[in-house]
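Next come two complexes built around chain A: one with chain B, the other with chain C.
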Partner chain A sequence: MALTFDRSILGQEFDHTVFEPVTKEDMLAYATAYGETNPIYLDEAAARSGPYGTLVAVPTFAFRLRGHHFMPKSLAQVGRAGLDAGKDVEFGEPIRPGDVLTASSTIHDIYEKTGRTGTMHFIVIRTLVTNQNGMRVAVIDQRMMFR
Partner chain B sequence: MIIDLHTHSDLSEDSRAPIETYLKWLQRKRDLLPIDGIVLTEHRQWNARLDYRALEDKYGILILRGAEVETDYGHILLYGVNDEMVRRFDFADVRLNAQQVVTEIARLGGIAAPCHPGRPTIGLCEHYASRPPLEGVIAVEALNGGSRKGENERVADLMARHGYSGFGGSDAHLVSLIGVCATEFDRDIGDVEDLVEALRAGGYRPVDFRHRLRAH
Partner chain C sequence: MSRPRYFEDVEVGDELPALKLTLSGAQVRAYAETANMPGGRFYGDEEARAEGLPGQIAPGNMSMALFSRLLSGWSERGRLLRLNATFRGLVRPNVPLTFHAVVIEKHASDHGNFVECDLVLENADGERLVTGTATLQLPSRG
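On to the complex of A and B.
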């Protein structure tokens, strides 16, 4: 069945979430859980002489941010079931303790393709993460596949 | 002359392979993969403004462009794409009418060739089992580097039954898969017009380099 939707939904912000300041404890817990061994993510003293002069978060820390809405309410349910079809991420400014991060999400693209198992519908959710200085921390394109 | 007729760069949403990295890989693997050129056949799109001449000059590898579109008879590779074809068809439409694509692309100066015909759902063989054959098909992709076991094997019968010529392509979406299957032409190909003419005329065959890579 052909996928029909209002294309004006593309690019419109459907979620804007400002998070509590990032704590050193959160960053360390994430790095440890991640199995990270690089001292710039784990050891304050080592991080001070590192490239950022301070402890920074593992870049994928930005993935743990969850806004209020995963999808716009106006987007009707597509297909019977969905799955995570992967992420493309562009990392920017490192995350430091005390940073206040903001995530702004839009529907970046919706498209169809056909494969061995039939027609698939893809929704690409783009989340821009910025810090309190307005600097870009990450651009995350989350691809969801529905059939 | 050996050309990989079916490749996807990171312009296709399901590939992460930059074009220049393909070229670096081919240069590095020259003894195993004697590829003289590639055709970029991005999924469901055509951008007339792209120009890869600087990369061609830098790496000494011919870079041509086509497209892979999706139809009611499965996926079809288009060679010799021009503005008129883009006006005639919405390349992003996954339900294009295959007969119209084959007929109109030929009329407008190109050639439309079904790819991975042995693949379930999106290959010609499955559709031919229940529907009349397309008119005007000259060649099909007889060897596809991304096919699963049995998929390429189904194509020989299709070609014999309908008199199709066969070519090969890697269908690479990853750098290390570029050039694993390709097409050997008896004539030199210098541009996309040469390619279309050659595909119509015959004098080519699929070539498989996967055994070389496995043995290395």
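On to the complex of A and C.
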């Protein structure tokens, strides 16, 4: 698949989503869905004596935030046919119940690699997650691979 | 709660206790639904085959979450600052999986005490399905 695009799209925000306030129930449901065992993420009493002094979400809770648009319109031909090749994630301020999170997504990079199996195209989607105080909660670089 | 892991107690080369598990198809689907992950490939074999895959697969996010569980269980009060992963193979349900982590670097600065870990998820055949790195901030005895 030839991937044609205008490089001016790099860095332009294509999605800006403000989510409903985080609930304790959402935090616990996510943590238990993959079997988290650390009580500071599961039990309020343990959390009070933990490093944050209160119950916070597990770091990867930010993965469940889904914006309205996965790709900019100009890359609509790519669709969702790609495979998730990997992620680079930086975690910042912990997520607490009641937080109102905002996700802002841009195309961070587009490049190609040629290997034994042919040419692969990569699109790096950067999502910046902030809380209601403007503090950075996470920066998620998702590498999508297309053949 | 068991004792927290202190920076001074960690040495480069330390291997964290491996996390060994076999995901069921229902667990994978439940994670995908809870994590708001679209795509039938995470929901069942039939849906995945319709997308050209050999059968249901676990989301890459779930592998990363399980790495965070391994790191969290080891460090107790450590703070995960960075988590990077490259997805090299399909992670399938009903296959024995082992998540490995080893400390490859430790350093202290005015900003805190940090350890770097190499991460590998492999199946029973030793095939590396996910590789990555993580940075943790650990408490100090000082």
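We adopt the following convention: the second predicted complex is superposed on the first by the 138 of 147 C-alpha atoms of A that agree within 3 Å, B and C clash if a C-alpha of one lies under 4 Å from a C-alpha of the other, contacts with A are read in each partner's own complex, and residues count from 1 in each chain.
Simple rule for what comes next: contacts are C-beta pairs under 8 Å (C-beta built on N, C-alpha and C of every residue); 3 or more make two chains touch, one makes a residue touch a chain.
Owing to the predicted nature of the structure, the values given are computational and were not obtained by experimental measurement.
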item: Fit or clash - chain C, chain B, common chain A; value: fit
item: Touching partner for A:36 - first (chain B), second (chain C), both, neither; value: second
item: Partner chain in contact with A:90 - chain B first, chain C second, else both or neither; value: second
item: Which of chain B and chain C A:146 touches, first, second, both or neither; value: neither
item: Partner chain(s) touched by A:14 [first = chain B, second = chain C, both, neither]; value: neither
item: Broader residue contact with chain A after superposition on the shared chain, chain B or chain C; value: C
item: Contacts of A:112 with chain B and chain C, given as first, second, both or neither; value: first
item: First, second, both or neither for A:59, with chain B first and chain C second; value: second
item: Superposition-derived minimum Cα distance between chain C and chain B (Å); value: 6
item: Chain B and chain C footprints on chain A, overlapping residues; value: none
item: Contact footprint of chain C on chain A as seen in their complex; value: 29-30, 33-41, 46, 49-51, 58-60, 63-66, 80, 83-91
item: Residue ranges of chain A touching chain B (in the complex, touch as defined); value: 2, 111-119, 122, 143
item: Chain B - residues contacting chain A, complex; value: 13-14, 43-44, 70, 74-75, 92, 94-95, 119-122
item: Chain A-facing residues of chain C, complex; value: 1, 21, 27, 30-31, 34-39, 59-62, 64-66, 68-69, 72-73, 76-77, 79-87, 132, 139
